[in-house]
Amino acid sequence: MSTTLRTVPRPAGKVRAEAARPRGTRQRSLLHSAGSQLLLWAYAAIAFGPLLLVLIGSLRPNAEILRAPVGLPSSFDLSNYTRAWQTASISTYFINSLTVTCASVALCVSVSAMAAYALARWKFPGRALLAALFLSGLMIPAKLGLLPVFYMFQSMGLIDSRIGLVLLYAASGIPFSVFVIMGFMRGLPGELEEAARIDGANEGRLFVSVILPLMRPALAVATVFQFAPTWNDFFYPLVLLRSGDKYTIPVGLTRFFGEFAADRGTLFAGLVIALVPLAVVFALATKQIVAGLTAGMSR
Amino acid sequence: MPRRFGAIGVVATLAVTLAACAPGDSGDGGGDAVNLKVWGWRQEDVAAYKKIFQIYEKAHPGVTVEYVPYKNTEYDTILKTGLTDANGPDVAQLRSYGLLQPLVGSGSLVPLDDQVDKLSGFPKPILDGAKGDKDGHVYGVPFAIQTLHVIYNKKIFADNGIDAPTTWADMIAGFDKLSKAGVTPLANTVTDKWMLPIEQEIFGATTYGGPDYLTKMLNGSAKFTDAPWVKSLETWKSTQKYWPAQASGVSYTDAQALFTSGRAAMFPGGVWELAGFKKANPQLDLGIFNAPPAPGASVDKTLVPGYVDGSFGVSAKSRHRDAALDLVRWMATKEFGTALSNELQQISPVPGVEPQDELLAQALKGYQANPSPYVTYAYFSGGTPTAWDLASEAFSDYVLDRSNAADAAAHIQRGVDQWFRPKN
Amino acid sequence: MVPAQELTVRPARRSRRRAGRISAGWITSFCLPAFALYGLFLVVPLVTAFYYGLFRWDGTQQGEFVGIGNYREILTRYPLSDEIPAALGHNVLFFVGTMAIQNTIGLGLALLLHRNPWGKRLFQTLFSLPYLISPLIVGYIWSLLLSPTFGPINFALRAVGLDAWARPWLGEPDLALPVLILVNAWQWIGGPMLIFGAALAGIPQELEEAAAMDGASPTRTFWSIRFPLLIPAVGVITVLTFIGCFNIFDLVYALGGSDGGPGGAMDVLGLLYYRTAFRGGSNAIGESSALAMLIFVLIFGVSLALERTLRRREVH
């Protein structure tokens, strides 16, 4: 369904001119799309090439990687993977990362959705100020508050606690989520809500049964944009967690890097193990992201 | 309007709650099972420490000791914060010299002078690394001495008919021979700047003169910018043509890999590299030597630079202070020193402990005979900016030809002058 | 692409807000959770950092009140006094370079995909994939790839006879910052591509077709029809890029270490803060808090101004 093929009612005067040059146009557009495909594949090689090198490297013995950095594995050998899996307790890190990330994203998106809805739809004193306060958070480099956060956690008994991390991540995602959802809500017609209100629904029920479903594309965008940075964050857990069995993947990996600095094959295997699950989730979610963004942008 | 004030009110209340954070309680915990947490920055040593502490656990039923390693580069901050509460370490690996001072200043550590009798048997220069600048108390039991050498691949040397050199000219002749044979003589890194001051000590120590010059620097009669020290930079840089191709982009791990894979014949670095090299390539036959006096050197003997790596101290907030003190007392014994030396392939500073490893024994002997200081790291790191940081930056510019030796020295001197006051 | 357009059919903006009065109880219960989290974990730490910055510290022990003493200290002490403007300059160059390279390529890819929907989802996924990887790991992977001794990139360049191109990428002061810009673009290209793609999808097709039929060249169609409609997207991307570029830390740290690469060519404000906080001396908390406040004021002020001007543009 490419744009050029779609038929649209055309002004009569143009018809003859159009009919006169069908072959040339067709050929040119074929050439064009072949050229575009080439460019797209070329960039795909750039985007995916480095990851491919890591993937291939993870199947090669270290000595071979050092001798010839580019090359195919001489034999199919998973010993790097066994070593990586056994040494670095990646399964533990993985579960921690998953718990912390999911909990914080869920918390963040739900509180942001409520606040964004109220700020976009209701009129109350201080509304503009509150909205500005949330949005200004977009520009706050949160990492600069690391030391104060540490002392605060210490006084609250949240050091070495996954709950502390969840709260912190949820908070740091609020500005962006509010920004996205509020923008989306502003572009959304209010008729459905009005109707529900006239039917006598209270604000809570209205929000849950009418607004939330309408917001879905924006929620998807907020979720995805919150998910990856949280999953990948390394600094907070490094300073705020103490015991190895609570480590998330990035911190676990740095420990692993330290231990296997010399053994690139095993290192690569560890990276692949850490990356694959996220890549799968992302591939599955692309459709939602694109839909959400499109909806958000075309307001 | 009222809502706005409400908002500010909430923030203010939170700030107040925050300010009222109470420190954790100290004192001894329950009498039965004691678990001591020992924090450190050596992630690669977990297995070895486990073995070492098993010896202690066997002799002290009811006590378990756990080594908890953190990332080397972030360890200092993590420790600084960890020492502020009882959930932190009981015993911690401490950095030496200037890097130890912030912990002493905040009262996070227990002074050990009166607690660990065996400390009196340690040589004074060794204890210097674990002392508080202001009060002169010892805050840790030193655990390792690091010495700096040129580590070489014996097989490559033999293949090319080279011996460990005894004169500078010999050494350069050997480098030339290797270059001609297509082997990179020196696996130097440039991108990892912290290695640069180490390389400078290894090749330049004889030019400025080692301990004698340090004494003058400390009493204010010599500076980084004086000729001997500036020339030591030139001596070091004169080996540049024997560094790897495109050395400016060679990282520390690249340099290690160049050496362990046999593509480079030598690696200038600390003894701590030996264990890692053997693990990376068990077939490697290693040797060490130190750079002989360079032309125009201030001394006519080969110097061996070395320093105290770190010590084990007790957290003032530990819930098990007595048990922790017992543990560090043990760390001052020969039993611990020997175990550490054997398991970790490190030189123990405990008096009377001889390394069983041949190379370590050679390193220690050399250091004891002709010791030389690691000036920027050990003696000019007590203020901000540290000479170590300044030297790393200045040397990077210098080897990239963005400045000359005098500029590099001036950079260090200018930074250090802001806080360093000569003694006497 | 269709649902989006359905949503854009919007009624007059004003009417929907007349939703009757909402009780204070509802307002509080909807806004308070987000406000409390945000206030406690984002605002309070910053306020605290400001407070910390007013004192001298001895390790973790709070010392006497010094007012602006820490600020004076970090702005005058050598070499920090030179490093702060240098780092700021690198942040600016990094931002400009990223705008020019990452966002232009992102737009180009979005246009290509817009015209050739074949395999669109696959390409979108492939191009955005690097975004998923932690910047720390991205930096680590690229430093391995770009190594002059064991890196596959130089290995491949030499193999095809381009020896002169095989440079020590991360070791030359002149190359380090451009390499950083490219690696960063490699990771984040999916962002502008998706945002531009979404904006393109929102452009009514009739407009484009009308232009095409009038015989306008693709270039003219782009500049006269599409680009003006993309301006809001450009605004969003500019602000996000600015914030991203001035907050950068992990990637630079992994590519060039905490000292900021060869000759400090990659030193940025984030690294500087890291060094003062993590490798500073006794007064690290005081000095790093002061530096944090300076960085905060800078980022916050500029992005606020940026947002203002962009919004004013949009109105015109």
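We call the chains A, B and C, going by the order they appear; numbering starts again at 1 in every chain.
By definition in this document, a contact is a pair of C-beta atoms (placed from the backbone, for glycine too) under 8 Å apart; a residue touches a chain by one contact, two chains touch by 3 or more.
All figures in this text were calculated on a predicted structure; none of them were measured in a lab.
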Out of every possible chain pairing, name the one holding the most C-beta contact pairs.
A-C
If I average the CA coordinates per chain, which chain comes out farthest from chain B?
A
Of the chains present, which has its C-alpha mean closest to the combined C-alpha mean?
C
Centroid from C-alpha atoms only, then distance chain A to chain C, rounded to Å. What do you get?
15
Whole-Å gap between the CA centroids of chain B and chain C
37
So, in whole Å, the Cα centroid of chain A is separated from that of chain B by 41
Mark out which residues of chain A touch at least two other chains, giving numbers and ranges.
66, 124, 130, 133, 147-148, 151-152, 254
Check each residue of chain C and list the ones that touch at least two other chains.
35, 40, 44, 48, 150, 277
On chain B, where are the residues touching two or more other chains?
7, 18, 74, 77, 81, 84, 257
In their shared complex, at which residues does chain A touch chain C?
1-4, 6, 8, 10, 14, 18, 32-33, 36-37, 39-40, 43-44, 46-48, 50-51, 53-54, 65-66, 68-70, 107, 111-112, 114-115, 117-119, 121-124, 130, 133-134, 136-149, 151-152, 167-168, 170-172, 174-175, 178, 187-191, 193-194, 197, 203-204, 207, 217, 228, 231-235, 250, 253-254, 257, 264, 271, 274-275, 278-279, 282-283, 286-287, 289-291, 293-299
What residues on chain C touch chain B, complex-wise?
35-36, 39-40, 43-44, 47-48, 51, 58-61, 77-80, 143, 146-150, 167-173, 256-259, 261-264, 275, 277-284, 287
Applying the document's contact rule, which stretches of chain A touch chain B when the two form their complex?
63, 66-67, 124-126, 129-130, 133, 147-148, 150-152, 154-155, 159-160, 238-239, 242-244, 254-255, 258-259, 261-263
Chain B - residues contacting chain A, complex
1-4, 7, 17-18, 20-22, 43-44, 68-72, 74, 77-78, 81-82, 84-85, 87-88, 253, 256-257, 260-261, 276, 279-280
Touch list for chain C against partner chain A, complex:
1, 3-5, 7-11, 15-17, 19-20, 22, 24, 26-27, 30-31, 33-35, 37-38, 40-42, 44-46, 48-49, 52, 105, 109, 112-119, 121, 123-137, 140-142, 144-145, 150-152, 155-156, 159, 186, 189, 194-195, 197-199, 201-202, 205-206, 208-209, 212-213, 232-233, 239, 243, 246-247, 249-250, 270, 273, 277, 285, 288-289, 292, 295-296, 299-300, 303-304
